Amino acid sequence: MRFGPLVFLSAFFALSLSWCGLVLTPQIQLGRAVQETNSVAKSDLYPQERPGLARQGLQVYRANGCAYCHSQQVQQNGTLVDVVLTDAGKNSNTLAEAVNASLHTNFNAVGLAGGLPKPLLRETTMEEASSLTAVIKKAGGNSEMHLDPTGPDIERSWGKRRTVAQDFLYDSPVMPGSQRVGPDLANVGLRLPDLNWQLIHLYAPRAQVQGSPMPRYPFLFEKRKIGSELSADALHLPQEFAPADGYEIVPKPEAKALVAYLLSLRADTPLYEAPLTPPPARPAATNAPATNAPAK
Amino acid sequence: MNATGITSPAGNTISTSEIDESCRVPLFTLFVSAAVWAVIASVFGLIASIKFHDPNFLASCSWLTYGRVHPLATNALLYGFAMQAGLGVAIWIIARTSQAKVVQPWLISFGGQLWNLGLTVGAVGILAGDTTGFENLEMPRYAVVFLFLGYLLIAFFSLFTLHNRKEPVLNPSQWFLLAALFWFPWIYFTANYLLLSHTPVRGIVQAIVAWWYSGNLNLVWFGLVGLAVVFHFIQEFMNRELYNRQLVWFTFWTIILFASWSGIPHSAPAPAWIPALSTVGTVLTAVTVLSVMMNICATCGHGCSQKENPPPGKFIAFGTMAFAVSWLMNVVSAIPGVSAYTNLTWFTVAQWQLNIFGFIGMAVFGAIYYIVPQVTGIEWPCLKSPRRHFWLAAIGIILIALPLAIGGLVEGVNWHNPQVSNVDVAKTALNFLRVSTIGELLILLGNLLLLGNLTVLSVRYYQKHFVPAYREATAELKPVEAKP
Amino acid sequence: MSSPANQPAANAPAENAETQSPAVPVWLIIVLFLLLYWGAVYFDEHGGWFEPQVYTPYASAEQVKAFQVSGGPNPFDDGFKIYNRPTCSQCHQPNGLGQPGQFPPLAGSDLVNEKDPGRVIRIVLQGIQGPGLVINGKPFNTGSAMVPWASVLNDEEIANVLTYVRGNKEWGNNAPAVTPDQVHAIRAKVAAHPLPFSPDEIMQISPSD
């Protein structure tokens, strides 16, 4: 390591290694990613572009540095499996024997065949679940495996599965965050879907969450005199946070955009890389067509 | 052994004072700016810290919301103080160890001015809401151009100075600085081009590039520069060579090979191989710390006692300790079982602060307190001030790093327990934050001391050098006596 | 403070210093290699070997594949979604009753409830138009045509929507489900018949074909 060129070359070599590994290869692998199919309804593509107002909201999120207190990275420690019997088949006696032999239980044929679907195993490993499924199939029945992702974040209802690259496909800039002063926001559109709750929370966080350390964002709102009547989108604030008599608080376009972005945040679509069993959809009781905008 | 480019007669070495004199202009720009930005960073850091105790503090002004004040504080500390001061010390080390005068000092100073212009424009941009959203890269596009050009000027002429060295064999500090000067433009250009140009990369690759840049800046660039400073001054103060040169070569290689892969957190929403590579790289930097500490302990022997050290020595010693602690914190927080409890908590903030302020900051403070009297020929106006600054800064950074590290671990444990509500987790962290606010205040006071000292010294320098020269230049011409 | 120029000190004995300088201690090299070994093992177990679809906690591409429990919750529910996309419901209505004089009902229809689904699969694939449709013994007169869906829906989707329609007990239907394989087989057969069927043609085909 005596001469300048040697030092330069070694630095060049090390940096290009790191660049190839952490910049070039991810770009090759992920940089041209396109929409993926939803692993439940194969014809649904995920993700969809956020609606225009939500995209503007992303820029408000960026400009106000929300990512310094909120992360958008749900973590998952493992996946457990439930086995649910859905069809007892033609010979429920054989089925009951096979299941009892496998699980050391005492089902009788009638009990097993009645009251389907019947969960047989809860929160086991994939190996056990697969072997039970095979046993059931061999005995002529049919079963389903339901996946349960596990982890502290999921137990906190911050998400149903971990966030993956696909969840950020159309965002720019991508801000997964690096601190959790406040809760994770990857699925806040699922958890707190009420527009008014979100607006009031932005204006006066402590009105919604007692003791919250989140700062207020009054500059996203406008305080103005009430006209002949209260505006349609005036906030209904508790007494402590309400403005003086005769004044109302109305959200500015930035506040509406930010809330639209927050409400669009959901990362619970089952994907190949993050498999999940969503709760089964039930056919609507009314004649109104169900909306099928793919979940995003 | 030809030193090309130096216009000195054969056999004449350039005197130390000539070298120092050539350093004056660039160092003046860089050190004074660094001191100013240090104060700005501490002020905004203090404001950000206070907001945790009173969330309504300055909340109604959009320019002072936490999400804008916090990135300004970190960017001011990183680019305004640490990088500028680091570059200034680097120039001096290069000039002294190369025994060459600084090439084009005025252009380097101009580079420094461009850097400051970029920073100022960027700082205003961040407060106005133009932050890019990427950590450690928040400077908006229009500021980045100035920063980059300024750096190129500084780096190019520093490298030119190194090229003019008398002795072709590089010593350790020179290797480190040479590699660092080259490292930054590549990572800075790559990150900014891929993230801020008109066609940025798509999706999670943005976050990956931003994390890669962050790791390379905080660990590799600052590691190389900080260690160059530490090695140089330990040799100066101990009056002997580094104990084991091969070990320094080993340190160099472990930094550039392993630390350059750090940066991607374990929880990243990216395919498993990416955080895995980062984890491996970060854990391997443990070897770097071991090699550095071994070398330094062997070099210092029993001379490490702080009591006899004048302030610059104290600063360098503290910086070395902070290097070891913060890099080991980094290693520990990357270990797979532990990362679940330190990720996304205050622990990472504590480690970052200890690295940038505790290690680099303290090392360059010590260097500044040593270099400036040498280069200007004027002693510090307030002789007690460096010592006071040392204690303020040392206690300050300990009061920031220690509570936040413990608070981060407690927070991590709490996040793992779904019974603890979000608000309660924040509340338990608050007590630790209170102590860290005191630390921020102490650091601010220390920075003000440095700025004050530098300002008065500059005034004295002006009075000593410019005033007489000005007077002479504007004196009345005496009539020439007519000769018969 | 004196500033010993350490360069002159390094100049002359530079060569000597290098040869006399102690080597990197062996234990440090051993630590390095132990850590490299750990790193290799860790990457092997947790790195997913550069697969872009392997995320923690899954350890490998095979494991992710094993967790793809097939079919989603229920072909019936899938079919419900497809029916109401509003692929079918826009004409046959969400309640399956269709529109008299326009679109035939699916609820309680004998054609829909045939045990073997050969006819209904063909109708969905290629469409049906023309006079002569008979539902539940009564003629259903319509001027509208049903468009072919072969290029819009894939085998699984057609199977699922037919499973839903045929199995919807609320509508009074109780016919066996349809599998994607059945649709696939018939798709091959009707490839030679690109035009929509007429009701007469459909009635001539055996349902079990």
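A, B and C label the chains in the order they appear, each numbered from 1.
The criterion applied here is as follows: a contact is a pair of C-beta atoms (placed from the backbone, for glycine too) under 8 Å apart; a residue touches a chain by one contact, two chains touch by 3 or more.
Fair warning: this is a prediction, and the values are worked out from it, not measured in the lab.
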| item | value |
| --- | --- |
| Furthest chain, CA centroid comparison against chain B | C |
| Central chain (by mean CA position) | A |
| Interface with more contacting C-beta pairs, comparing B-C to A-B | A-B |
| Separation of chain A from chain C, taking each centre as the mean of its C-alpha atoms, in whole Å | 20 |
| Whole-Å gap between the CA centroids of chain B and chain C | 52 |
| Whole-Å gap between the CA centroids of chain A and chain B | 39 |
| Sites on chain A at which at least two other chains make contact | 29-30, 162, 164-165, 273 |
| Sequence positions of chain C contacting 2 or more other chains | 50, 52-56, 58 |
| Residues of chain B whose C-beta touches two or more other chains | 169, 269-271, 277 |
| Of chain C, residues touching chain A in the complex | 50, 52-58, 63-64, 66-69, 72-74, 77-78, 80-82, 84-86, 89, 93-95, 153-154, 156-157, 168, 170 |
| Touching residues (chain side chain A, partner chain C) in the complex | 25, 29-30, 39-43, 76-79, 81, 126, 130, 144-147, 162, 164-165, 270, 272-275, 277-284, 287-290, 292 |
| Residues on chain C engaged by chain B in the complex (per definition of touch) | 1, 3-7, 9-11, 14, 17-18, 21-25, 28, 31-32, 35-36, 38-39, 42-43, 46-56, 58 |
| Contact footprint of chain C on chain B as seen in their complex | 16, 96-99, 166-167, 169, 171, 235-236, 239, 241, 243-247, 250, 254, 266, 269-273, 275-277, 279-280, 283-284, 286-287, 290-291, 294, 310, 312, 336, 370, 374 |
| Chain A residues touching chain B - in the complex, by the definition given at the top | 1-4, 7-8, 10-12, 14-15, 17-19, 21-23, 26-27, 29-33, 62-69, 71-73, 75, 152, 155-156, 162-183, 205-206, 209-219, 273 |
